[in-house]
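To start, the structure itself, in structure tokens.
Lettered A, B, C, D, E and F in written order, each chain numbered from 1.
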Amino acid sequence: MFYTDGKLQFPVRVEQPNPVFARALQQAIGGVEGEIRVALQYMFQAFGARGPAKYRDMLLNTATEELGHIEMLATAVALNLENAPLSLQEEVSADAVGGAVLNGMDMRHILSTGLAALPSDANGVPFDCSHVYASGNIAGDMYANVTAEATGRTLAVRLFNMTDDPGMREMLSFLIARDTMHQQQWLAVLEELGGEQAVLPIPNSFPQEKEQTDFSYAYLGHMIDGSIPEGRWSDGPAMDKRGMF
Amino acid sequence: MFYTDGKLQFPVRVEQPNPVFARALQQAIGGVEGEIRVALQYMFQAFGARGPAKYRDMLLNTATEELGHIEMLATAVALNLENAPLSLQEEVSADAVGGAVLNGMDMRHILSTGLAALPSDANGVPFDCSHVYASGNIAGDMYANVTAEATGRTLAVRLFNMTDDPGMREMLSFLIARDTMHQQQWLAVLEELGGEQAVLPIPNSFPQEKEQTDFSYAYLGHMIDGSIPEGRWSDGPAMDKRGMF
Amino acid sequence: MFYTDGKLQFPVRVEQPNPVFARALQQAIGGVEGEIRVALQYMFQAFGARGPAKYRDMLLNTATEELGHIEMLATAVALNLENAPLSLQEEVSADAVGGAVLNGMDMRHILSTGLAALPSDANGVPFDCSHVYASGNIAGDMYANVTAEATGRTLAVRLFNMTDDPGMREMLSFLIARDTMHQQQWLAVLEELGGEQAVLPIPNSFPQEKEQTDFSYAYLGHMIDGSIPEGRWSDGPAMDKRGMF
Amino acid sequence: MFYTDGKLQFPVRVEQPNPVFARALQQAIGGVEGEIRVALQYMFQAFGARGPAKYRDMLLNTATEELGHIEMLATAVALNLENAPLSLQEEVSADAVGGAVLNGMDMRHILSTGLAALPSDANGVPFDCSHVYASGNIAGDMYANVTAEATGRTLAVRLFNMTDDPGMREMLSFLIARDTMHQQQWLAVLEELGGEQAVLPIPNSFPQEKEQTDFSYAYLGHMIDGSIPEGRWSDGPAMDKRGMF
Amino acid sequence: MFYTDGKLQFPVRVEQPNPVFARALQQAIGGVEGEIRVALQYMFQAFGARGPAKYRDMLLNTATEELGHIEMLATAVALNLENAPLSLQEEVSADAVGGAVLNGMDMRHILSTGLAALPSDANGVPFDCSHVYASGNIAGDMYANVTAEATGRTLAVRLFNMTDDPGMREMLSFLIARDTMHQQQWLAVLEELGGEQAVLPIPNSFPQEKEQTDFSYAYLGHMIDGSIPEGRWSDGPAMDKRGMF
Amino acid sequence: MFYTDGKLQFPVRVEQPNPVFARALQQAIGGVEGEIRVALQYMFQAFGARGPAKYRDMLLNTATEELGHIEMLATAVALNLENAPLSLQEEVSADAVGGAVLNGMDMRHILSTGLAALPSDANGVPFDCSHVYASGNIAGDMYANVTAEATGRTLAVRLFNMTDDPGMREMLSFLIARDTMHQQQWLAVLEELGGEQAVLPIPNSFPQEKEQTDFSYAYLGHMIDGSIPEGRWSDGPAMDKRGMF
């Protein structure tokens, strides 16, 4: 069961509303790198957890934090939409602060929400829950979570670089810090599970002798001239110490 | 910001696990009539609320309750999947409790989640957030919410009638009661806003004299023989008392 | 079976074509608030109607009207696309009536349709038929229909405010009037069915004593400080007169 | 503008209702080969037509016919769902006419519609309007329409072969005949436009000398051994008589 | 099994990068008229081919070519994104080469890919594989393929007309030539199969006497005044010479 | 540019065709854990690679291998569909090897493809390319790839356990081995990039002092009782050695 205090986890303020930046922020709400995704992903991983209770609790706790990030970003979108141009009535070419900006807006911010956030990405594509990865294998799920936080932090940094609004930069610097922590957190679970050697290959429940082991550590070439793009993956011991590339 | 206590809002137990019923329950999680939808819908209505704070608080509070309904149903799905058949190895025809049941399962419960819930409907179609209605018009949103709870309660009743498991019926009788209340709740807001006469037509901010008023209260016929399907809508005063049908 | 006369239900003309407004109009065709949705929604409600024939006829008749609204709006999109800029060949910055406008267009109006309407919304997201609500419960469906017309009229009003083209305003004032009527129409059906007291809770076929009645009229608090957002929903008789909040 | 007479274009009756066949029929309503698609496709081609009026009228007329096919199939789905099993209460294994059948049903026929058709395919995936092809090039659109009717008739034939219900076979034999005609119809338009030689390559408005003509009639090989899969496409005059393969 | 040489099929160069044109090019990658679609469509037709091996080989060979077209276009998108504006920090109105251009970009080129192509269309809608037509009927599939190449070439021509970059025009003139050939190729298969008379109606395996033959060659009128839009389809011998319109 | 030899990478044979297993195999083709996804994901990562050429080559080479896995699985689906029941004509209850099996099939294998594979998952949901992760940050992309191979191998193991067909088990044991290798491969790239310490936090280009560093290594509690779910993530040095939890 969940509760709220009706407050933001971290202050959200906008000095200079920018409706085009509101559209950009949508990617962090409803994009595949966004907060709806991580909130639901950690939630469904928790709901389906059949192992030790502490992982379930830890996942549920962080899922709950992520809900608050949706709230912060939705607030930021609404603040950036204040005083947004609503009209095409004047010549588009005549008003740079009006017409040109409207061209870059998510038009549904005007038409569908009355200047509020959508659960969609920066192109207006609604979030779809096929992106909620919860496989029932905790190691695999931890890598999925690292991925989500890596793409999430990459997105937040790009948003940070896109704006010079002090309020927005402050909010984003908080979300970036949380993404730093969450990358650490999921990797910490992997270490606790025994690290790469213990968890690999995922799932580690399948006896490797049933694999076609000739192919388990070989980098196969598909270049037409028979060449092999070389690197750490084509030479030396495998990462799980159980084979040689 | 949100919090959790890691407990269920109401007890969830299953006496006789049934993996086909697990599939049916998915509709109440990730279907258009389901709990992900109402949780996010009320949340985004709250985040975008620009009117009196009490509506925002009320919406956010109920959104928070709905998150707990996702949790209850996901738990119910997992319990119904215990001991589910995982294999096609025996002749399908030879094992009615195995083969035939597997035919009716959501196969992704086996393949993708390891016997846990998905954020999808009973056909495995992932929930997509285009169903989160938050228009910026509170009266319109209240009708959207009544609709969501009406289809939600209809679904819950059908699920109730589909099972005779005492645990499942108990859980569903709770969810049905909450849907009863939530239908009342959104209608109560409409009454507080002044009722049909005050809120109609939605949005009531547009001066009706700018409409083509000849067509504002007329039931137009498109039957090829010129007949009009008659009823309350074709005769008598309009619902908003501002016109005659 | 259906017929057509090849004419528009109401005249559609555009004095000053505006390809950005063409994009905005797409929301009214293929958005969740749009005409494809209501046409199909009323149609599928009619096709599935198992009660008195008059409701089926009434639904089918209005579904048929809505098809004509798709036609009007598609015509309006095509007219607004006349003489639209098709080229990026000149410097974007050099031609405000060209380059800047193209930035705000739905580029698929150029690339995919040759300057005609798409069955998509203002962001180019195609309409998907999961939005066609037809639950088999007529009262629930009527609330769904009020919702559709409320969001539809809200959208039409916002489009009206966005343009000062006399032709477009005339067309929209007609569509707004029809949305006024259709809100009335679905509420009239609810009155004919006995009004809120008779139809609530939806579905009214489920005996309320089977609910967990302690929870049927209680506004539950999920605020962490135990407070309750108060209003009509937390005090007084319930809307169906069968309980107290 | 459209009209209806509230009657079916051709009688629809079911002697032995079969809820699994109801699911199969959904493909013909909301599948990519189905009737919603052709109805909207021909409609949007008509709405966007900028050439001679007769093509627009012809397209609109046939779009209108297709609406009636949705109606027929939705009626057939509802009839096949009469007396469908709604419950898992008995042991699934105990009742072949109940349990086993329910496994093969679209569960949303029970849960979401109350035994009526959905605008979805046989797997419950809702139709999405990205399948409405209307390119603004009439020759290309005619090939799209032949394709739609070819896949549509293939589907209808497979449905015919799946059932031995006399009523269903009669209905399908009508729809198959209409698909025969519609294949002819779109090819007739191509002939009227001058046939393959005149319309190819599509679009024929682009001067072929601007192409990299060395590659315009060459079947390029991508087999690793340098061999070429031979056939009519690798030898002889091209279909448009303007080149040699 | 597949191979690559890591080279482009045809040179791709951009003289004047244009990030808005990068967005337009996305339609040719991930649009319904694009290269992902044809690559997968021909591939799945090949994988499912149960007839003579030569058709399977021919399809697989051309599918393999199409993979290289995705590669060319993705390269073109990346080149057009070089030096794209990444920031809203300056006043949008102050910098025409920056702000105004960003308004027309696919913002996910900045936020999600770091200036590289997406498998999405020009509106950022991801390609979805329901567009991969492979019906198991070779004649029907050939018409689907002609359609794909007709819409593909129409799109490529529109892109050609949109740009005056010599590099982009050169690349597009190659892709246009390949679309010319591929239109020919699929029609050549139809000729090899016996032409329209032999393959029609599709599927030709269904005995036409089982159709409701009264309706097999009749253009039915749905105009309310009883008129019939006349043309080749309403008079004369049918295209398959087996009936009269 | 790509090539093919028209051969399978590894032999695919089926001793006992099972159309329900054909449906299960679809998840490995068009599911989010499937081969279309990895083929396109590695391809788009290669196309967008702006760093050292060897990573681009390595990605492209492995993308090319994955195309061959789609081919193997599509072949396996077709083989499992041989002799599948196509008809509901007999009593469903009368024929366990027919009727009951059909209930568990993907009905589109009959209706839409004529017994061949679809680019869809085990529930018939078409693959959509929003799952192609290519962020422009190589470290983040490598974690995305480990995730893809972890969920892919988990799926392949579940499919292996579902069948006892020797041919299918042999094919799956090959695909499992390749997934083992690919997990290693992407982790090897991470090691080559300097390992966790060097690549974290992702992206490592953003100066951490700009973060709200108080929150960068703190596991925040959202349990209502103030408790913290404890583990490696709440105590000790962070994984990147740059902070303490």
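Brief remarks on what is shown
The rule is short, and it goes like this: a contact is a pair of C-beta atoms (placed from the backbone, for glycine too) under 8 Å apart; a residue touches a chain by one contact, two chains touch by 3 or more.
Not measured: the values here are computed from a predicted model.
If subunit A is disregarded, contacts among the remaining chains keep them together as one piece.
Two chain pairs, D-E and A-E, are weighed by contacting C-beta pairs, with D-E ahead. When the contact pairs of B-D are set against those of B-C, A-F or B-F, over half line up by residue number only for B-F. Averaging Cα atoms per chain gives one point for each, and the point farthest from that of subunit B is the centre of E. Annotation: 27 Å between the Cα-based centres of subunit A and subunit B. Subunit C and subunit E have Cα centroids lying 32 Å from one another. Subunit A and subunit D have CA centres that are 38 Å apart. The set of subunit A residues that touch two or more partner chains comprises 1-6, 32-33, 57, 61, 64-65, 68, 100, 103-104, 112, 114, 120, 123-126, 128, 130, 135-137, 151, 154, 222-224. Under the stated contact rule, the graph of chain-to-chain touches falls outside the line, ring, star and complete shapes. Here, these are the chain pairs in contact: A-B, A-C, A-E, A-F, B-C, B-D, B-F, C-D, C-E, D-E, D-F, E-F.
Residues 18, 20-21, 23-24, 27, 31-33, 96-97, 100-101, 103-104, 121-125, 151, 154-155, 158-159, 161-164, 222-225 of subunit D are the ones touching subunit F in the complex. Within the complex formed with subunit D, the residues of subunit F that make contact are 1-6, 86-89, 92-93, 99-100, 102-104, 106-108, 110-112, 114, 120, 123-126. Chain contact summary for the complex, subunit D toward subunit C: residues 1-9, 30, 36, 40, 43-44, 47-48, 50, 57, 60-61, 64-65, 67-68, 70-71, 74-75, 78, 112-120, 126-130, 132, 134-137.
Of all residues in subunit E, those touching subunit D in their complex are 3, 10, 32-33, 54-55, 57-58, 61-62, 64-65, 68, 125, 128, 130-131, 133, 135-137, 139-140, 143-144, 146-147, 149-151, 153-154, 157, 160, 170, 173-174, 176-181, 183-185, 187-189, 191-192, 196, 200-203, 205-206, 208, 210-224, 228-233, 238-240, 243, 245.
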